[in-house]
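Each chain carries a letter (A, B and C) given by its place in the written order, and its residues are counted from 1.
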Amino acid sequence: MGARSLVVLLFLMLILSFSSAYQGKKKQYKPCKQMVLYFHDVLYNGQNAANATSAIVGAPQWGNLTILADKFHFGNVVVFDDPITLDNNFHSKPVGRAQGMYIYDTKNTFTSWLGFTFVLNSTDFQGTLNFMGADPIMVKTRDITVVSGTGDFFMHRGIATIMTDAFEGEVYFRLRVDIKLYECW
Amino acid sequence: MGARSLVVLLFLMLILSFSSAYQGKKKQYKPCKQMVLYFHDVLYNGQNAANATSAIVGAPQWGNLTILADKFHFGNVVVFDDPITLDNNFHSKPVGRAQGMYIYDTKNTFTSWLGFTFVLNSTDFQGTLNFMGADPIMVKTRDITVVSGTGDFFMHRGIATIMTDAFEGEVYFRLRVDIKLYECW
Amino acid sequence: MGARSLVVLLFLMLILSFSSAYQGKKKQYKPCKQMVLYFHDVLYNGQNAANATSAIVGAPQWGNLTILADKFHFGNVVVFDDPITLDNNFHSKPVGRAQGMYIYDTKNTFTSWLGFTFVLNSTDFQGTLNFMGADPIMVKTRDITVVSGTGDFFMHRGIATIMTDAFEGEVYFRLRVDIKLYECW
């Protein structure tokens, strides 16, 4: 191996050195983890205390705590503890709970603001994932932020594409949550 | 090129190799994206239902839902859907909506806690940015966290320097938001 | 130094180049900053206005604003501005304030959802840290997310292990917060 070959090798390594550092800076645009989960919300309406998984706890002046308010529910604050399932069946064995709140925040369409946590406790996953973001309910799919997590999801970040999978009156809805994590630790 | 020159070159590459890996770890302290936006909040007071963009939805025991409470509004929870504009003119064409909530959370000064989303829908930007943080209102400029985003702001992180740009009684305020993103994807 | 030794050196550097780029991608699992802080919450009960640091501002239909609701306080929203201390003594000089809200969100056990900010203002630290996450109160230690920060904690991320350090009736509790930051800037 002559000095010339060595110089060539050195330049190759130089390029490699740059490109691998670049990999350190640039993140991948395909998820390092992905999973689809469903959660089910049964809103307390004054008559379903046993089954309800959520309750209105804040309302505007024109509202109350058992019926969602006029003007697209603007101002209603709802606290929830909803079962999470692997499929769209309300009666499937839960793999965790979705806990937190949603707020109806628009006067002229159905829009909510979400702040909640998935507390997962299954054979596949042990840990939490925190979510926040705007939810323009009438749009078919909406992206919200997966802020970070703990346990199996320690420090993970990503986005979640949510979809209203079912909607029954003003008592039940089911959300399909496609979690895509782009930063895994 | 002798063996000695090669050894020198190797050491140079060694240093380079370290420093470029360091770039992968160390983030830049100048924003990769920056923009200044304004949003406008008109609080419902029982008489301005048509114009109001926000409403009191929670209050302490000594408060109510049309007048901000005594003790620096401690305990008031406000839900909002405020227009975002490029300049400080309330009548400018909105480029999006600021949606979420603020909470007055101090008994002896004006301080609020913010959790909200910018839903941007303009020729320049399509996407959302989520914010959270403490807002010591009486301080001229305050830094809050830009948690992450979606769309054009997919996975971005940063801080926002906010400033009360106008304040009229307890009905209207305008916030100047200087968004500085330090992690762009 | 012969060509053979150089080749060996080159391979060593090749490995080094990979491993240092790997360091750029892979984050460390030991904290880059760690600190233990305490905060103290005195809930308003209708009779302790002078001392209270928090107040119930939202309740389900079966609740009110001076007594935590039945069913494990499900639906109670509490706003707080609590002193932060370096030790477990309520009377120690505060190094900052914990500001935000907690929500009791489960019907059959004590669980809350947290969204708050540490506003630190001491000789050691100037800046804010934002927290969110589920708090299964009956579990000895719980991990929540440190979303990000400002000032000395500009863009930092991590987790916090929280522990109920004291609990007196439904008026006072003290939380021990072990903040572990894994991404420092």
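In this text, a contact is a pair of C-beta atoms (placed from the backbone, for glycine too) under 8 Å apart; a residue touches a chain by one contact, two chains touch by 3 or more.
Chain labels with UniProt names: A, B, C = Dirigent protein.
Not measured: the values here are computed from a predicted model.
Copies chain A (Dirigent protein) and chain C (Dirigent protein) of the same chain sequence form an interface built mainly from non-equivalent positions, shared numbers / all numbers used being under half. Matching the C-alpha atoms of chain A (Dirigent protein) with those of chain B (Dirigent protein) calls for a turn of 120 degrees, to the nearest 5. Chain A (Dirigent protein) and chain C (Dirigent protein) have Cα centroids separated by 20 Å.
Those residues of chain C (Dirigent protein) in touch with two or more other chains are numbered 6, 10, 13, 17, 20-21, 23-25, 57-58, 77, 115, 132, 147.
Those residues of chain A (Dirigent protein) that touch chain C (Dirigent protein) in the shared complex are 1-3, 6, 9-10, 13, 16-17, 20-21, 23-25, 44, 46, 55-58, 64-66, 77, 79-81, 97, 99-101, 115-117, 119, 128, 130, 132, 147-151, 154-155, 185. Contacts from chain B (Dirigent protein) toward chain C (Dirigent protein) in the complex involve residues 3, 6-7, 10, 13-14, 17-18, 20-27, 29, 57-61, 74-77, 103-107, 111, 113, 115, 132-134, 136, 143-147, 157-159, 182-183.
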